[in-house]
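Heads up, the next two complexes both have subunit A, just with different partners, subunit B and then subunit C.
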Partner chain A sequence: MTAASLILATVALPLLGGILGRLLGFHSWLARWTAGLAGAAGGLAGLALAGELLWQGGRAAFEWPWFDTGYTLALAVDPLSAFFLLPISLLSAVTAVYGASYLGASHGGGHSPAAGSPHGADPVNPANVGLFAGFLQAGMALVLLAQDGLGFLVAWEVMSLAAFFIIALDDAQAENRAAAWIYLVASHIGAAFLLFFFLYLGMRAGDFSFEALAGLALSDRARRALTLAAVIGFGAKAGFVPLHVWLPDAHPAAPSHISALMSGAMTKTGIYGLLRALTLVGLPGRPAAAALIGLGLVSGILGIVMANAQRDLKRLLAYSTVENLGIVALGLGVGLWGAATGQTVVAVLGLAGALVHVLNHALAKGLLFLAAGVLVQATGTRQLDRLGGLLKRMPGVAGSALTGAVAIAGLPPLNGFLGEFLIFLAAFTGLVSRHGESTVPLTLAIMGLALIGGLAAACFARVFGIAFLGEPRTAEAAEAAPPEAPMALAMALLAVGCVVALLGVAWSLPVLGRVVTTVLRLNPLEIELELLKAGVLLRAVIAGGGLLVVLAGFLAVVRHQLLAGREVGETPTWDCGYAAPTPRMSYTGSSFAQPLNDLFGAVRGGGEERPRLAGLFPATARFASRPGDACVERFYEPVFRRVETFFQSWRWVQSGRVQAYVLYIALTLLFLLGWNLW
Partner chain B sequence: MAGLVPILLALLLAPLLLGVINRTKAFFAGRQGAPVWQPYHDLRRLLGKGAVYSRTTTWVFVAGPVVGLASVLAALSLLPLGGQPAFLSFTGDLVLMVCLLGLMRFVTVLAALDTGSSFEGMGASREVTFSALAEPPLFLALAILARKTGSLSLTGILGAIDHGLWLQAGPMLLLVATALFVIFLAENARIPVDDPNTHLELTMIHEVMVLDHSGPDFAMILYGAALKLWLLGALVVGILVPAGSPWYVGWPAAVGGLVLVAVLTGVVESTIARLRMHKVPQLLVGSLILALLAMVLGAR
Partner chain C sequence: MNMVLEALLVFIVLTNLLMLGSSRLGVYIRAGAMQGVGLSFLFFTGEAGWPHSHIVLLALVTMVVKGLVFPSLLFRTIRQAGVRREMEPYVGFTASLLAGVAAWGFALWVGGRLPLPGVIRSDLLVPTAMFTIFTGLFLIVARRNAITQVLGYLVIENGVFTFGVAVEAATPFLVEMGILLDIFVGVFVMVITLFQINREIEEIHMDTSKLAALKD
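Coming up: the complex of A and B.
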């Protein structure tokens, strides 16, 4: 197939599948699988396209004069968009298959808010989810393929609105409506900055095509303002703190495979947009690079601190996305710092680390959200503390989830470690070069990344340990059934993807050279050389990991040989001699996270309801704690409350009397008349 | 094959450090104490036993000690000793080493949670909390050394800390070594962070996580802990004992240094009370501040 037809297939297949699926809505199975398979086919086309472009290089384009309007619809893939197309297409394909099965079994996606509450009275039609999932997938592809500012903005809106409609589908529940509303507002505050960004550039250039925009000569002040607008506009989609507030609400409201797609893929379009914006306005100077490092550190640390405090599995994963996008921002910041201070190695390694982390996070987070979907479906709850012992009920899912947990915690020997390793390496290299000014930002980056790594390991040890290990804490968890084959297959595919990404990244790191060159505009040979060297280091890391695997295998054999023929007994777990332990007494996720929550209490928000005990025999008391979000509690709520109060004071304008409105019209006309005469 | 010597020395002598610590503590307590070879006897006895498993546990519980010991062994292959190169050495290997120790902790914690016991959950929760806080000072200490020596591999860093560097930046190296010693105590579950001799589950950190392991599994855990003690101790010793001597001086000096670190640990355990749990973060932040001071000193 030619590149142009691949482009067309990537965009059109999910759209057509979604629409056709909606038309077949009278038959659930047909509707789901039409949308699902078309989405998967579109994803595969995207994968083929991305692979071809990344490995062969060059640029593939598809142009269509848009009827007779004089506007030419131009879709093209360059290495930068091809790289982002890779995780987005892969995740789209996998989640489409998963979704076709998932929606059928659960009769609607995002139900089961809290344990025990009944399912939505009015179940979500799977055909509607399929329709908007198709739009979301096509929208994301269009964002990557758009070659002009206008097309980009339209694609951006298609993507954002498709996600909004999916979040809002299960609107019987107030919290889902609120989530959709917050998402819409956050998304459009971001879009407003993007509108400014592209309109300003387009006005100056007289044309919206990226080529024309990139050729503009801008003053320093304009560039600074545009960079800021891009960071805010795209940061809102990527979920940088404090623009992350929509994520933890939106992800639980959407069906799990859409959460996977939004978290793993849609947030990445923010990073893509940021990089694309940098190719248009040029690389920022040191202050902006340092600010991006700071933004990454704040997002990373606050994200994982708040993730650790969550009890709702999907909210937790959403906050972990904030953390991981923070790591990406940190990598970008270190890379841009390297570029601003003329340290090519630091620039290349930082940027490559950020890109590798984009890929790895998409795989691991997609996998974990799909696993969360299985748990929600099997137990009817998203509360971590009501799960437990699920490894015995669904060993396959547990194996996949463990792979995802190790990968996302950034531990060797899995792929999640590679991106963090490259970012560490970039910061260390910059530090060792003894460039004086680099000391403070790069040291902070190293310390922050170390803290994030430690906390992420704590967080995902908790997620896996509490959900899958130990005893089931409720009857639902004890009777959970394994998922249908397509869902298990989708998760297994992503788990295998984590291992493939590990080897693929290490052996084909120089492929990133083309992507990095698009952004950094340094000598491509020099970039490729640095990437070749880094690839050797990654293979050394993998050799270390391989050694680990071999040693573990050897020790397992030794242990097996030692125990062969000896007495191996079975008992209950040691309980200090207590006679009647129940599963309810086992350690909960909340207890597990409590020391860290106390430690970071000042920055994580939330609250406690402590009983006041008095006297020798205090009456029955109740203790409750609630995880919160410091940004919402200390910034958004006060601000929006004030905004609301202000507008409340103007309510008299909307009196509801027709005469008043006629008066308004007359006054407006008078004003316009005066304006015209003057 | 000289790179294998540090690994062999660690494999053979790591349990000895535990024996030395216990012997030192016995001396301070006025007891005779167990012989320094006692840990070897313990390991041999455990390896010869059968095992008992909780009915709650799964393969994760079995994998914990196996993968944990494998991770620390893989980390050992990156460790230089006595100024001589490590078995494996490459730019950035220090990151891999720290993260391998992280993996060891991760699997130990999962194995603990697999028992479904509150005690073990409690220990796991404390372990992840304190180790997350120990990570920034550890990385900072390594970053300072990397910056001062201009190298990004452990072999390069520890090989470059010689008499010249001590004369030039002695105070800085001393501060870094102190910070690393605090992390060494915390990561190896020693007083003042954790008490390996405590007999109340509620107050334990590391010990309580491995309550349900027995037989060969427990032997692997004990041996892994001894190797981790050796590994982090060797970092401290690598700074304090200047490199640049030939192998027949370097290796004995390093082993001697490690024994001294073990004695020092015994002295600390005998003379300092254990900190209350909520004071431990302050200790770890203290080590971070020591490392930051070292950074300021080294920035000249």
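Coming up: the complex of A and C.
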């Protein structure tokens, strides 16, 4: 197949599948699998395209004069878009298959997992989800393939609005409506900045094609303003703090496979856009690079701190996404710092680390959201503290989820640590090079990254431990059944993907050279050399991790041998010698997280209701705490309340009298008439 | 010929002032009807003698619709609703007349400055059109009664019509016919709606200020 037909298949298949699936809406099974298989086929086409471009190099293009309007729809793949196409296509394909099966359960089961919530009054029509999932997938592909500002903005809107419609589909619940609304506002605030970015460039160049835009000579001030606009506009999609507020609301509202797609893939288009913007306006200077490092640190630390405080599984995963995108921003910042100070090694490794983390986060977070979907479907709740003991009930899911949790926490020997390792490597290299000004930002980056890594490990130890280990805390958790085969298969595929990514990245790191070259514009040979050297180090670390795994296996075998032939007693978890243990005695997610929550109480928001105990025999008392978001509580809520008060004071304008409305129109027209004739 | 044209224009201006200063719904409807008939005669004031047959047709249709159909529809409505006077207008009748004089001044100023295609046959034509439009707007804004609102709408349309005559060459026949059909359907729907509202909610009595109760 030629590259052009692959491009066409990547975009058109999910779109056609979604529309056809909607037309077949009268038959649930047919509708779901039409959309699902078409989405999977589109994803595979995208994978083939991305793989070919990454490993063969070059550039594939597809042009279509747009219905005699003078506009030519130009789609092309260069190494940068090919790299982002890889995780997005993979995740699209896997979630499409998962979704086809997942959405079906909403008809059979008592609750409505399509909404990710057990309280849905009427289930969401799977054909509608399939339709918008198709648009979302096609929109994301178009964002990556667009070769001009106009096409990019249109694709961006298609993607954003498709996600909005999916979030809003289950509109029976007020919280979902609010989530959709917040998402819409956030993404359009971002889009406004992008509009400014592309319109300004397009106005100056007289043409919207990326080639023309990249060739512009810009003043320093214009470049700074444009870089800022790009960081805000794309950062809103990527979920940088404080623009992350839509994520924790939107992800629980969407069906789980769409949450996986949004979190794993759609947020990455923000990173792609940022990199693409940098290729257009040029690399920023030191202040901007340092600011990006700071942004990454704040997003990473606040993200994981707030994730740790959450009890809703999908909200927790959403905050974890904020954290991981923070790590990506941190890597980008370190890389740009290296470029701004002329340290090639730092630049190449920082950027490569960010890119690798994009890939790994897509795989691991996709996997975890799919696992969350299974748990929601099986137990009817997203509350972590109502799960437990699921390891024995669904071992396959537990294995996949464990893989995802280890990967996302950045623990060797899985793929998650690769990107962080490269960023560490970049920062340490910069530090030891004794470049004076680099000390502060790079030290901060190293310390922050280490803190994030530790907190992430604690957070996911909690998620996995509370959900899968111990005894079930509710009857629903006790009766949980394993998912259908396609869903289990999708998760297993992503788990395998994590392992493949581990080996693939370590052994073919130089492939990234082409991607890095498009952004950094340094000598490709030099870049490849640095990546080769880093690859050797990565393999050494993997070998070390592998050794640990072998050692653990060896110990397990030894244990098995020692215990062979003896009587092994089994007793409930958390038995601890109690006469009548109940699961309520075991650690809850909140109690597990309490020390860390107390430590970061000042920055994480939320509140507690603490009873006052008095006297020798205090009355029955109740303690309650709720997780919160410091940015929402301290910034957005006061600001939006003031905006609302201001507009409320203008309500008298809407008097309800026809005469007044006609008067407004008449006065406006007379004013314009007089003004024009003056 | 120009004398006839200007006499007609003065007639239209006077009907406008009559509507501004009157409180009786019957006077409104009659003045509106006379204005409509006066308008249809504007077509016959061209310099080139007897106009084309389709212009004659247009004038006749205008005359019938504005002089006979609308007034009878509106009279029927006020008879059924039992409302005869405009009560408690937002702007009093004397003040309305003064506002009308000010609007005439503004219309003259606009007429002097508005760039238009082609030759305008009379200096009064554009100001009269503007004045009629302003009067219609004013009637809608300053009066409560629903019948007056419909009349205000009709008067605005009369102004647009006068304007159409002023730039005769630039407005095709089809557009004029389209506007006429539009206004016909508009008045028809409005009258029916008014009748229904009045029947369903007795206490409204064609007083549009009561409709504010329907606000969210």
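Here, the second predicted complex is superposed on the first by the 652 of 678 C-alpha atoms of A that agree within 3 Å, B and C clash if a C-alpha of one lies under 4 Å from a C-alpha of the other, contacts with A are read in each partner's own complex, and residues count from 1 in each chain.
Keep this in mind: a contact is a pair of C-beta atoms (placed from the backbone, for glycine too) under 8 Å apart; a residue touches a chain by one contact, two chains touch by 3 or more.
Just so it is clear, the structure is predicted and the values come from calculations on it, not from any experiment.
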Query = Looking at the overlay, what does A:E609 touch: subunit B (first), subunit C (second), both, or neither?
reply = neither
Task = Quick one: name whichever of subunit B and subunit C touches more residues of subunit A.
result = B
Query = In the superposed arrangement, does A:A666 touch subunit B (first), subunit C (second), both or neither?
reply = second
Message = I'd like to know which partner A:R657 touches here: subunit B for first, subunit C for second, both or neither.
response = second
Ask   = Touching A:L677, do we find subunit B (first), subunit C (second), both, or neither?
value = second
Inquiry  = Just to be sure I follow: which residues of subunit A are touched by subunit B in one complex and then by subunit C in the other one?
reply    = none
Subunit A - residues contacting subunit C, complex = 654-660, 662-663, 666, 670, 673-674, 677
Query = What residues on subunit B touch subunit A, complex-wise?
reply = 47, 49-58, 60, 62-63, 66-67, 69-71, 73-74, 77-78, 88, 90-93, 95-96, 98-100, 102-103, 105-106, 109-110, 112-122, 124-126, 128-129, 131-136, 138-140, 143, 146-147, 150-152, 201, 211-212, 215-217, 220, 277-278, 281, 288, 295, 299
Message = For the complex, give me every residue of subunit C touching subunit A.
response = 90, 106, 109-110, 113-114, 137, 140-144, 149, 208-209, 211-215
Message = For a test of understanding, state which residues of subunit A touch subunit B in their complex under the given definition.
response = 388-389, 391-392, 402, 406, 409-413, 417, 421, 424-425, 428-429, 431-432, 434, 439, 443, 446-451, 453-455, 457-458, 461-462, 464-466, 469-471, 536-537, 540-541, 543-545, 547-549, 551-552, 554-556, 558-559, 562-563, 566-576, 583, 585-587, 591-596, 598-599
